[in-house]
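So, here come the structures, one by one.
Two complexes come next, and they have one chain in common, subunit A, joined by subunit B in the first and subunit C in the second.
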Partner chain A sequence: MTNVLAINQLTYKHNLKTILKDVDLTLETGKIIGLLGENGAGKTTLMRLITGSAKGSGTIAVCGDSVAAHHKSHVSFTEQLRGFKPNTRIDRVANFYRTVYPDFDGQRFEELITFLQIDTSLKLGALSKGMKEKVVIALTLARQAQLYLLDEPFSGIDSMSRKRIISSIIKWKPEDATMVISDHYVSEIAPILDEVVIVKDQGIYAHKPSDAIREEFGIGIEAYYESLYEGGVKHD
Partner chain B sequence: MKFDDKIPIYYQIKNYLYHEMMTGALKPGDKLPAVRQLAVDLTVNVNTVQRALGEMITEGILESQRGKGNFVTMNEQRITRLKEQLVMEQLERVYEQLHALNLTDEQIITSLKQYIAQRGQRDDQRVSD
Partner chain C sequence: MTSFGSVFKVMSKDRFRTTSKVILAELAVIAVTLLWSVATRGVSSGEFFGVTASWSGPAFLAVFILMSVANEHVYTRDTYRLIPVGETKLYTTNLLSSFVMYLYFGIVQVVLYTITASIDADFIKGILDGITGPAYTNLEAGKIVIGLLLMGLAMVILGWTTISLVHLVVSATNNFLPNVSRRAINVVLYVVVIYLVVRVAAFMLHEVNNLGGIMSTGGQGQFILNIVGILVIAVIEAVINIFLLKKWVETIPN
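For the complex of A and B:
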């Protein structure tokens, strides 16, 4: 199996504070990976480093390419659409994506919009949190990328929408693409994860296949994740 | 489908499909849904479905036809053996738990008979309610 992502000795500091230190991480193609960790552990930072939006020391190769400027063409990241004005209609945003990303597939986008029950004539400012998250997911999955990074796609979303988003992930993830989903609430996505990567103490604390965790320890992913924090202080 | 997060998912998928075969929802010679469709239906990962089906193909319960899909075996012997195996697994669990309660083999048989008789009555009542 080939690797879609290879991170070597990555260190990232922000305002003299070390966020990530000497991170090594290799991800194979065709997997769904849960990126778990507390708020502030560095999950979003790690994703931004992978896309090339943030810069640290060390190397990050996406599909064997370690030039950061090229990463955005291989990686589809759940951008939070902050660059758009609230009165922008969803179909306008989609047009923008079509122009910027050559791998944006209009047909896929249409299917996703229908499946996720989104009305594209709505303006961004009129969307509820859950609806906006669905738009972000549709835009992200409509690209034919090798690596998808979904940054907490389920936060503040009702359970019906959550189920739809999970189904859309299973349905639309290209077979040989890898998807990283960050979250601090594990139980709902646990059945769809091939592997879990846990970010803790400024690094990758654990990286294991989910069924291996269940087989080795006889516990669930959530229990395993929580066990790593036992004795420590929990923030939520 | 609801999964128990403590048990490997591929194992639970296998058990689910075995169950479908035992109840007749999946009959000998039936074609299974496509891997991705199964993954969507069960809300699990495509790779995990593939692993479960791969093991069932090795066991001979499923037969893979290149380009056509996966089919439940027509070999009745294999299905009979699978049923025996599933029954034995359940019995093993009950037997071990009752043994752990210090019951002798004789007592286990007596209790089981008693239970079945009582259960039969109870279920009959429920039907007539």
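For the complex of A and C:
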């Protein structure tokens, strides 16, 4: 298997506070990876560093390319559409994506909005949190990228929408693409994760395949994750 | 990577809409002003041109401010910063998009001036005939108009690069400083900016006031040099802005 992401000695400080320090992380292609950690642990920062939205020191190579500007061609990130005015219709947002992302698949987007039950004539300002998250997911997955970064895609949305989003992830993830899903709730995404990466104490505290966790510790991902915070499982 | 044309298209769409709205608002205000005149005392000679010229200034300022806001918006929003292009292309396309929209607005103003000047042709001819001072030939008058336009456009570009420079310096320094120092530095930067804006405005007024004299004494070379000087400063600021974007300026987090 080849690596889609290779991070080496990544450090990030903001307002004189160290958020991430000397992070090393390698992710293989074709996996669904849970990026877990409590609020403020640095999950979103790590994703932003990968996309180039945040600036740290160290090297990040996406698909073997360490030029920051090139990462954007390989990575599809769930950005929250803050560049659009609230009165922008969803179909206009989709047109924007279609124009600027050569890998945006219009057919795929149509299938996604049908599956996620999105009305594209609605304006962004009129959307509920859950509906907006579905739009963001549809736009993100409609790109044919090598690395998908889904930043807390389930926060603040109802269980039915969460289930639909999880189904869409399974259905539309390209086989050779890697998907990183950050969250601090684990139970619902645990069954689809191939690996988990836990961000804690300014670094990668653990990076393990889901099967290895179950075999080695005899517990599920959620229990393993919680035990790391409670000190029940010793990290190697 | 995304093509220049695609980035230009998405950046210009909203700006075209915004500029067109300002034009519509300007036309509405001109119409209301003229209707008010008709209803109260009747339209006097030269009023069509006078009212249009009066409202054109604030409209130019409004478009400049709105384009500045659109420019700065791009640098801190993931929606734009995640587009697969390098910072140099993003920055230049952003600036060019605003500049083209400003030209679009300027052309509409020229059309409005032409229409209203033709309505008030006799009045304007009377005013021009009554002006005493240096007698310019048509060629000299043409040079003065072109000189003013070029100076104006160069100042617009310098204005935008300066606003971006301040915004990006503040944005970049905010990442490194604790909250207390951040506020203090921001205050210092804003004072510096206000000072620079006043100096630039004073320079511009000085240039405009002296333009007639410079032209009549054959000093076009000096005037062109001043325009080139403004553009060189704008290019230097643009290079610093691109460097800041590449190295330090982050987007607003989700």
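By definition in this document, the second predicted complex is superposed on the first by the 230 of 236 C-alpha atoms of A that agree within 3 Å, B and C clash if a C-alpha of one lies under 4 Å from a C-alpha of the other, contacts with A are read in each partner's own complex, and residues count from 1 in each chain.
FYI, contacts are C-beta pairs under 8 Å (C-beta built on N, C-alpha and C of every residue); 3 or more make two chains touch, one makes a residue touch a chain.
All values derive from a computational prediction rather than experimental measurement.
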Joint occupancy of subunit A by subunit B and subunit C, clash or fit: fit
Subunit A-centred angle between subunit C and subunit B, computed on Cα centres after superposition, in steps of 10 °: 160
Partner chain(s) touched by A:Ser66 [first = subunit B, second = subunit C, both, neither]: neither
First, second, both or neither for A:Ser128, with subunit B first and subunit C second: neither
Which superposed partner A:Asn15 touches (first subunit B, second subunit C, both, neither): second
Partner chain(s) touched by A:Asn87 [first = subunit B, second = subunit C, both, neither]: neither
Subunit B versus subunit C as contact partner of A:Glu175, first or second or both or neither: first
Which of subunit B and subunit C A:Gly218 touches, first, second, both or neither: first
Subunit B versus subunit C as contact partner of A:Ile192, first or second or both or neither: first
Smallest separation in angstrom, by C-alpha atoms, between subunit B and subunit C in the superposition: 27
Intersection of the subunit A residues that touch subunit B with those that touch subunit C: none
In the complex with subunit C, residue positions of subunit A that touch it: 13-16, 44-45, 48, 51-55, 68-70, 72-73, 77-85, 96, 99-102, 151
Complex interface listing, subunit C residues touching subunit A: 1-2, 6-7, 9-10, 14, 73-74, 77-87, 174-179, 182, 246-254
Of subunit B, residues touching subunit A in the complex: 3-11, 36, 39-40, 43-48, 51
Subunit B partner contacts - residues on subunit A that touch it in the complex: 30-32, 163, 166-167, 170-171, 173, 175, 187, 190-194, 210-211, 214-215, 218-223
